[in-house]
Structure formats: C-alpha cells, structure tokens
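Structure below; questions to follow.
Letters A, B, C and D name the chains as they come in the text, with residue numbers starting at 1 for each one.
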Amino acid sequence: MKSTPPISVKSYVGVFVALLLLTALTTAVAFVDLGGNLNVVAALAIAGGKAILVALYFMHLRHSSRLSWIFAGAGFFWLFILIVLTMSDALTRSGFSFAAQ
Amino acid sequence: MSAAQTTPRIHYLNVSYGVRSWLVTTDHKRIAWLYLLSITFFFVIGGLFAVFMRLELLTPEGDLVQADTYNKLFTLHGVTMVFFFLIPSIPAVLGNFLVPIMIGARDLAFPRLNLASWYIYTLGGAFTLAAAAAGGVDTGWTFYTPYSSIYSNTHVALTVVGIFITGFSSILTGLNFIVTIHKMRAPGMTWFRLPLFIWAHYATSIIFVLGTPVLAITLVLVALERLFHLGIFDPALGGDPILFQHLFWFYSHPAVYIMILPAMGVVSELIACFSRKRIFGYDFVAFASLAIAVIGFLVWGHHMFVSGQSVYASMVFSILSFLVAIPSAVKVFNWTATLYKGSISYDAPMLYAMGFIGLFTIGGLTGLFLATLGIDVHVHDTYFVIAHFHYIMVGGAVMGYLGGIHFWWPKMTGRTYPEGWARLAALIIFIGFNLTFFPQFLLGYLGMPRRYHVYPPEFQVLNVMSTAGASILGVGYLIPLIYLIWSLRYGAVAGANPWLAKGLEWQTSSPPPTDNFDVAPLVTEEAYAYADAEGETGHPLGKPVDV
Amino acid sequence: MWQNLPLLPEQASTMAPRVDALFLFVLGVAVFFAGLIFVSIVYLAVKYRRRADAAAPKLIAGSLALELLWTVIPLGLTMVMFVWGALLFVEIQNPPADALEIIAVGKQWMWKMQHPDGHQEINELHVPIGRPIKLTMTSEDVIHSFFVPAFRIKMDVLPGRYTTAWFEATRAGRYRLFCAEFCGTQHSGMIGSVTVLELSEYESWLSGRAAGTSTAKMGESLFQRLGCASCHRPGGAVPAPSLVGLFGSKVALEGGRTVVADEGYIRESIIDPRAKIVAGYQPVMPTYRGLISEDGILQIIAYLKSAEQGTGEAARP
Amino acid sequence: MPTPMRKAKPVIRWGSPSMSETSTVIAHQFDDAEQQREASTLGMWVFLATEVMFFGGIFLGYILYRSEYSIAFAAASNRLDIWLGLINTAVLICSSFTMVLAVYNAAVARRRALQTNLLLTILLGCVFLSIKLYEYHMKFEENLVPGAAFAFPAPHAPAAEIFFSFYFAMTGMHAVHMIIGIGLLGGLLFRAGRGRYSPEYFTPVELVGLYWHFVDVVWIFLFPLLYLVGRHL
C-alpha cells in the first residue's frame, strides 16, 4: 500500500519549470544556425531530455519496478530497430537520390 | 450420459445457460470457445477460397473464374487465413483457455479486456466480410503500394480498416498474457517451472504488443493515402513504395512467429506427455522461444531482396535471417532428443506433434534457400515461397493447433473424441498436405510465379498433383470437424486427467470450474515431472532447484 | 508425361549453373538434416514405444555439450550459405561495364523493351548469345518484377526510380519472361519471352528490321523538341548548367552537398528540377512532369550518356 | 526476464470477489490489492510500449522523408505558426503538471484538489485542441491541406505535400489520443466526485496519468520535428 507518493510536490514544480525552460531553449536554438545537422541534434537532444524528465518524475518511472523500466525501454528499443534497419536501406540505396552525400 | 448417476457437478460450461451468458462472459474459458467458433468460421471461409483457387489451377487456362475473381480469391484467402485464423488460432483459443490454468490463476489479469478483444476481433471480421461481400479486394494480403493505395479499384480501404481493428484484438490479448504471466503465477510457479507452452505464449505476446501497432499505423496511412490522395507511399507524388514494404514486413514477418511459436509450445506439451519425459534441454527450448521473438524482428528485409532495397541492407538482413534459424533448429533437435528412452504412445495428438516436427523441419530448412541471397533472387515470389510458408503455417501452425485441440479437448469439453477416427484424420491430413504443397517447391524452382491466374502449360502436371492433394487435405480437415462435434454429445466422459499428464490443467476437473481450481494450487515440482514417481529428480545440469 | 516434369529449369545464362550449384549445396544440407530428423523420430518412436510392463522413463534433463553441438554446427553451415549467397548476389547485382544496355519499361500489363539502336519490342526481347546484357528498368504505374527463370534473374521494376538487372545468355533459344510482382487484374498475362540468338542470327535480326533511330538520337531530338537546349548551352536564355560529360560525374549542389549524376538524379532533375539545385544556379527550371514519358526520360538519359562519350554533337556548345 | 517471485502467502484467499478491510474492490482473479495494482500498472506500461511502436511507424516515415527532402521540409515547416506550436507545448506541459498533481492529491486523499486538478487538466486539453483546430483551419485557408487544393510555391510542392501529409497524420493521431484522454479524465472526474478513490485505491487515476503523460511526450517530439526544423533557414 502506498500512503504517500514517493515524489514531493516541490520536485514536481521543479520538473515543471525545467520543462518550460527547455521548451523555451529549444525554440530559441531553432533560430540560430548551428551548422550542419547540429540543429536537428540539438532539438532532438532537448526533446529527449524533456521526455526523460516526464518519464522519470511525472510517470514515476524512477520509483517503479524494474519491469516497468523493461517495458518502457522495450518500446524504444524496438523503435530503434525499426528505424536503424530501415534507414540502413534508405541511406545506402543505389540508383536513388538518397545516395546523395 | 453414463456419469449421470451422480448430481451434475457445476463447472464453467453449465454454471449458466443462454446466449446472453456467453456473450457477456468474462470467463477466459468461455471466451476461448467464442474464439474457437469464430476462427473455425473463418477457417472454413478461407478454405472455400482455396478450393476455388486450386480448381482454377487444374488447367493452365483461366476457365473457371475470371482474372479479377481469381485475384480476389487469393487475396481473401490470405487475409482471412492470416489475420482471422492463423494469428488468433492457438493464442486466442488454446492460450486463452490454458494460460491462466497452467500457471494456477483464476483468470487472466483483465477478463473484461479479454472479452473486449473478442468483440474487437468480431468487428474487424465483420468489416472484412463486408468488403468481401461488397465485391472483394484484389491486392494480395500484402497490400503493396502504389497498387493498393492508388491503382486497385476494389474495396481496399474497408478491408484495411477490418485488419486494423482486428490488430487491436491481438494487442490486447498479448498485453493480457504478458501481465498474467508476470503477475498471476501460483505460489511456487517459478519462471523455470512454467510449461513451455507458457514460454511460447509469452514470446508470442511480445510480438503481438510490439509488432502489431506498426502494421496498424501502416494500414492507416494506406487508407488515408487512398481516401485523400496523399503521397506517402506513391512515387508519382514523391513517396517511397519501399517504405511501405519495410513497415509492412516489420510486423508481417514476426507475424509468422506469432503463428509458429504457440504451435511450438503445444508440441512441447504433447511430446513431453506422450513420451513421458521432461523436454530435453528445457531451458534451451524456453530461451529459444524468446530468441525467436527478438531476432525475428531483425529479419524482415529478406522479403525485399529484389525489391530495390540496398545491397548492404540485404546482406544484413540475410545474415540475421540465418541467425533466427538457429533457435528453431535447437528446438527441433531437443524435441527429437526427448523421445530418447521415452515411453512413447501413438495417440492422435502425438501423431500431430510428430507430423509437426517433420513438416516444420521441411518448412524451416526451405527457409534457408530464401535467406540465401543468390538463391532468393530466383525463387522470390514463386511457388517455392508459397510452399515454404504453407509448410510453416499449415504444416506447422495448423498441425500444432489440431494436435492441441485433440489433446485438451477432454479438458475443454469433459468428453473424449473417437481415437481411431482421430488417428485416421491425422494420417490423411499429413498425406494430403504433402501432396498439396511438395509439388509447389518444384513448381517454384522451375519458375512459376505466385498469384498467376493462367500459367504456361509446362506447369500443369505439378498443379494437378497439388490440386489432387488439396482434395485429400480438405477431406482430412472435415473429419475432425464432424467427430469433434459428435463427441460433444456422444463422446465418452473424460476424467480429470485422461492422458495421465503433468501440468496444473490436469489437476483440476474436466471441465474445470469457473475459478479453474477448487483448491488453490501450490506448485512444488518442475514442469513435466514424469519421472517423479520413480524418485528420479536429479538435475544432470547441476542447476540448483529453485523453490 | 514425365518429360514434362523437369526438376531444374533450363540453364541458359552464365549465372544459372552457379545459382544451381549453390542451390544443390543448400539442398544437400537440407536433405541431410531433414533425413536425420525423420529417421531419428521414426527410429526412436518405434524403439521406445510404450510397453505394458515398462517402468516410467528416467529423467534426462539435457546436455550442454549436445546443445552447443547442435547450435554451432548449423551456425557454421548457415554462415557458409550466407557468404556464398552474398558473393553470388553481389555479382548478380553488378552488371559488367561493357554490357549492352537495354531499356525495359513495365506498365499494366506489358513490357516495352528498347534496344540501343532504337529498336522497340513489346513483350519480346532479342539478345545475342555470349554478350552481357544490362537492363535499366522502370515502371509507368505500379511495381512489376522482371523474371526470367532460365537466367535465374529477377528484379523488381519500380515507378519513379530505376533498377537494373543483367545476364549473359549461354544457350540459344526462347525463354519465358514473367512479371513476378502482383500488378493487377492481368498480372498473369504480363508475360513475354527472351529470345537468345547466335551472333550471326542476331545481326540479321537487327538488320532485318526497319532501321530505327538510335535511342540516343531519339533523346537528342526530344532534347531539342522540349527546348532543353535553349538554356542548357553557354549563353542560353537563362544560365543553366552544361550537360556535357554530366553523366557519371560528381555535381556540387547548393548547400554544399554533392551528388553523382546517375540515371536517378537526371530523372529527378527533369521531373522535380528544384529538388536539388546545382551550386551557383538559380532554381528556375520548370518541371517536365506530365510532358515527358518514362521512355522519353530514358532516351534523354541515353543521349546525355552519349554526349559524355563525345558522340552527341548537339550538346556541345 | 525473471522477476522476483511473488511472496507465497500463508493463507490464500480463493474464490468470490472480496472486499478488503479498506473497502478496496478486488476483482475475483486477484489475490490482493497489491497484485491488482501491480498488474494494472504493468498492463499500462505494456500498452504504452505498444503506443510507442504505433507512433514509431509514422515517425520512421517522417525521418526517411526528412533525410530525403530536407530543404523542402524546412520550407514547409516554416509555414507552420511556431508561436501557436510553442503555446500549445506550454499548455500541454501545464496539463501534465496538473495531471501529476491530481495523482498526488488522490494519493493523499484531498478529494477537492483531485477534482480541481482533473478539471484543470481537461480544460488545458481542450485549450490545446482548440488551438490545434484553429491551426488546422488556418492551414485549410492557406491551401496547405494535402489534396487537390494543395498549393505551395513551385520548387518544393510535392515534398511539401508529403510534409503536410505527415503533419496532419501525426498531429491528427496525437489529437485522437488527446480526445480519448479527455474522455478518460471525464470519467475519473465523475467517479472522484462520488468518492471512489482513496489513498488505498487510486490506480485508475495513476493509469490515466501515465497515458496522459505519454501523449505529452509524443508532443514533446512532434513540436521540434514539425515546427522547429529548419527554422533558422
């Protein structure tokens, strides 16, 4: 039985503020040309950070059973398989403009 | 009727009566029956489509049906058999009935969700039948774009919506099994005491849960593209048809393992029971199920070796495809080794199990040809592929399903089936199956492409053999249909454990009570502890027995 | 009846016996293991059949050595299959440089072939023996697949891009050509034949037909007719990149990327000219989508290839 | 993936649905409230793994076309209103915050606060959907809805149409999830009003919370991918 949740309101507020700040940051960074693909990397890194914050604190993953971790991870691991193997085709296809460097 | 001297025992079948009591039931055993009836219905429908196809192929000319009719026949045969029969067959019928009982639970974790998934399945089936009735669909069950999304003028969207809906039924079944197996095991039922049937269903559920949604979103995109003329898969608008193939096979290749893994689980139970032995190398067989489920997700590109896929990607997919063959081989070797020094009886379920091993071996080994890049170029999209996957899906999955239905029939109904007829039917099915599909390997290597309504005359001899075999196979399937229905009323009353088998499902009465057990089970022994009576409990691998 | 039942299809290309050799190797492995399993099951099932007086069998839990054995041996054998198959596949995928180039366009439900000299055939292809033939293929509608069993080649033919296949015929004769990817109602009617001729017969076949305009020439006249040359020449109406020696070269694009000017790039530049802009030029070229057929694009590509070899005069400034 | 085995209890309840001492309803198939709660939570996580793959398929399509048509995608993305996207992101983060407060208040038995936060979450969800609807309307006005009326400056029209196909498919799929979530929240609000939740039993609130946060996470990725790509160009 849980009588009190493991995370306090204070830490929720902290995470909430951090999420808003990261949102502002990602928007600001989008207007700066970082060169190459760095803009995409930055945007996805910030989004990933936000997602991890939500999962760990708002979704209580930090205090959840190992099993919840495994299934949360499995979803993303399988998504990784889908994307990596498909892109391994798309980016190395010949006779197709994806071959452009 | 012979047991009628005593007051009738209350069990899950007679606890309440009337159609309503079945349609609102949350008892996993009754839901299994709902599925049994609906998948049998779809099996018959899909079988009828096959009958017309085989008749058409008796002659090289297109003399029985028109080309568009033939195309609709093989499409609907594929769609009904794959999505509405094979995928739900063992998990939704035998799995539904047995998973809770085998682990000593009263029901699945989410009984109402379980009932909902049957309704979802039925709704999806209704859509697909509506599409068939409205004029059918002619894309093949693979729905390759841009043919399906732009060019076909048949009922693609309706069919796709039906499959999309049915997908959620699979997802919910898989979710239910995963949670049930994790959280509802009886005291003492550790992971390595689980019957291999449960391991197989756990692995299957992983595929259900992680693969099906990708098919769902892909079919949504096809339907949207068709309805709103989007260009996601249409090269004329800048789209990439190969992307569709990736997304489709990401699910549909693992879907083959959805069909075969549960059958492997059934066969493990049958081999153990009828040779009175613990499955040789239990741990390896258990882990092989998980390995197949995981590696099975890495091999889909072997359907695309000549699709225009990158050569490098093809090589990666080829080597991974060979890797997934290994755990399947390990299972076959272990089943065979289980027979060694056993006490083997030839009851009908065992005949099906041995037939399964033989046919699955052929199906698996011919998979090697398709994984080999240089050979696949020649045999891709020919009858070689048709023969290969029918050996896996019909020779494997359906044999496993029939074996399982016979084995657990006494448990499900409380009656035994006529053994002599059952053995005869098993033999007829085995012979008819090989006559139907073995010639197709030859046809394929000779170069006959699949999905051909008319074909060059040099292929006729083999096609006639195949059709002749199919008629035998059809008779073989009708016999069990008849005697199983007959046995519901006239079969001898079965005891709790007619096979003297191990496993929790045989410790409860037949048919089981609604809560599955009258006394809470407490598990104190390994799975398949057939040797216990003799006091042989040693574990040569030296693993500690964990209680 | 049995002469109608060969077990292997005819071998009519250089690749056919090599694919068959690999096939027979895999078949040998398969037959061995299938035999092993069948014999074992029948033998064990008979030998250890249940007897009335028998005691319960003893427990045999497993054997790590056996598990390793039957993991490692199949793994080794499949790796042989993989390497062998992959080496063969690379050869099947890569046409020799000196191959005769033929264009194949699939559409519902026919094959259109075009020889370099401009000869066109429908559902028929005449090729000389002993000369590598490279097919550059595309589709006007759905996905088709070019399949000649006697040559052991198959390649999907896709709309919107080019795929290639090649073969070198070794035996004169007429061989079946199938469409192997389901493409609609008359899919099974999308068949034709490849006729392999001795060199002399091929010459007479060529000369026996009304001399056509060569593909490159047709491309050239199309190039003129569509007005390409009004810009793609020095001092043209609008500055446009020169196309001389373009084919196969590396093109620097706006944004710092480079791209190899292959068939796909040229096709894209005609259909969707502003998808990739050559560095230093303005995106002003209009699309020719709908104004030119797939055959036409392939003719222009043939023309640009010949311009690279220095025979296409009109592309010269 | 072996897990620590459930402790074998000396006395095992068996049979009919039972009411534990804390008035928690335990479905007949479960032994106790803890097992029921663990099973439900695990079920939700498994479901979310399914959802990851559901959105994953469409994300893959987006990634593939973005790598192919990066310039066109940037041009098309610049036609989205970044400020509406930004506001909506903030709205959704706020709704996640009120959702997590709802779960917290359910756990500490503050029924009024639970109801207030559920209501706020619903309202914020509706604000999000309204802004989304306004954006859809704008795109319709600007002829940016894929189909016959689609119009985009010539260089990148086909690829831009693919971008907008993904835009509508992804945000539409997301909006469908939001609508379902709002429906579930409405159910929670109704039952919270009837006092159905207590510190011993608030699993439904937790589960809907997990779902709602997941929908938020999807948007956290959609926002940069759809609105921010190539913004600096």
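Methods note: contacts are C-beta pairs under 8 Å (C-beta built on N, C-alpha and C of every residue); 3 or more make two chains touch, one makes a residue touch a chain.
Since we're looking at a predicted model, the values are computed, not measured.
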Farthest-lying chain, centroid of Cα atoms versus that of subunit A: C
Interface ranked first by C-beta contact pairs: B-C
Distance between the centres, which are taken as Cα means, of subunit D and subunit A, whole angstrom: 15
Distance from subunit D to subunit B - Cα centre to Cα centre, in angstrom: 33
Distance between the centres, which are taken as Cα means, of subunit D and subunit C, whole angstrom: 46
Distance from subunit C to subunit A - Cα centre to Cα centre, in angstrom: 41
Touching two or more other chains - residues of subunit D: 3, 38, 42, 46, 49-51, 53, 56-57, 60, 64, 68-69, 158-159
Residues of subunit B engaged with two or more neighbouring chains: 182, 210, 214, 238, 240, 242-243, 246-247, 250, 308, 311
Sites on subunit C at which at least two other chains make contact: 161, 163, 272, 275
Contacting residues of subunit D [partner subunit C, same complex]: 69, 71-72, 154-156, 158-159
Of all residues in subunit D, those that touch subunit A in their complex: 1, 3, 22, 33-34, 38, 41-42, 45-46, 48-53, 56-57, 59-60, 63-64, 67-68, 82, 86, 89-90, 93-94, 96-97, 99-101, 103-104, 107-108, 199-200, 206, 209-210, 213-214, 216-217, 220-221, 223-225, 228-233
Subunit D-touching residues of subunit B, taken from the complex the two chains share: 100, 105-111, 171, 174-176, 178-180, 182-185, 187-188, 190-192, 209-214, 216-218, 220-221, 224, 228-232, 237-240, 243, 246-247, 250, 515, 517, 519-520, 522
Subunit C to subunit B touching residues, read off their complex: 1, 4-9, 18-19, 22-23, 26-27, 29-30, 33-34, 37-38, 40-41, 44-45, 48-51, 54-64, 66-67, 70-71, 74-75, 78-79, 81-82, 84-90, 92-93, 108, 141-143, 145, 147, 149-150, 152-156, 158-161, 163, 176, 178-189, 191, 272
Touch list for subunit D against partner subunit B, complex: 2-3, 5-6, 8-9, 12, 14-15, 27-30, 35, 38-39, 42-43, 46-47, 49-51, 53-58, 60-61, 64-65, 68-69, 146-148, 158-159, 161-162, 165-166, 169, 173
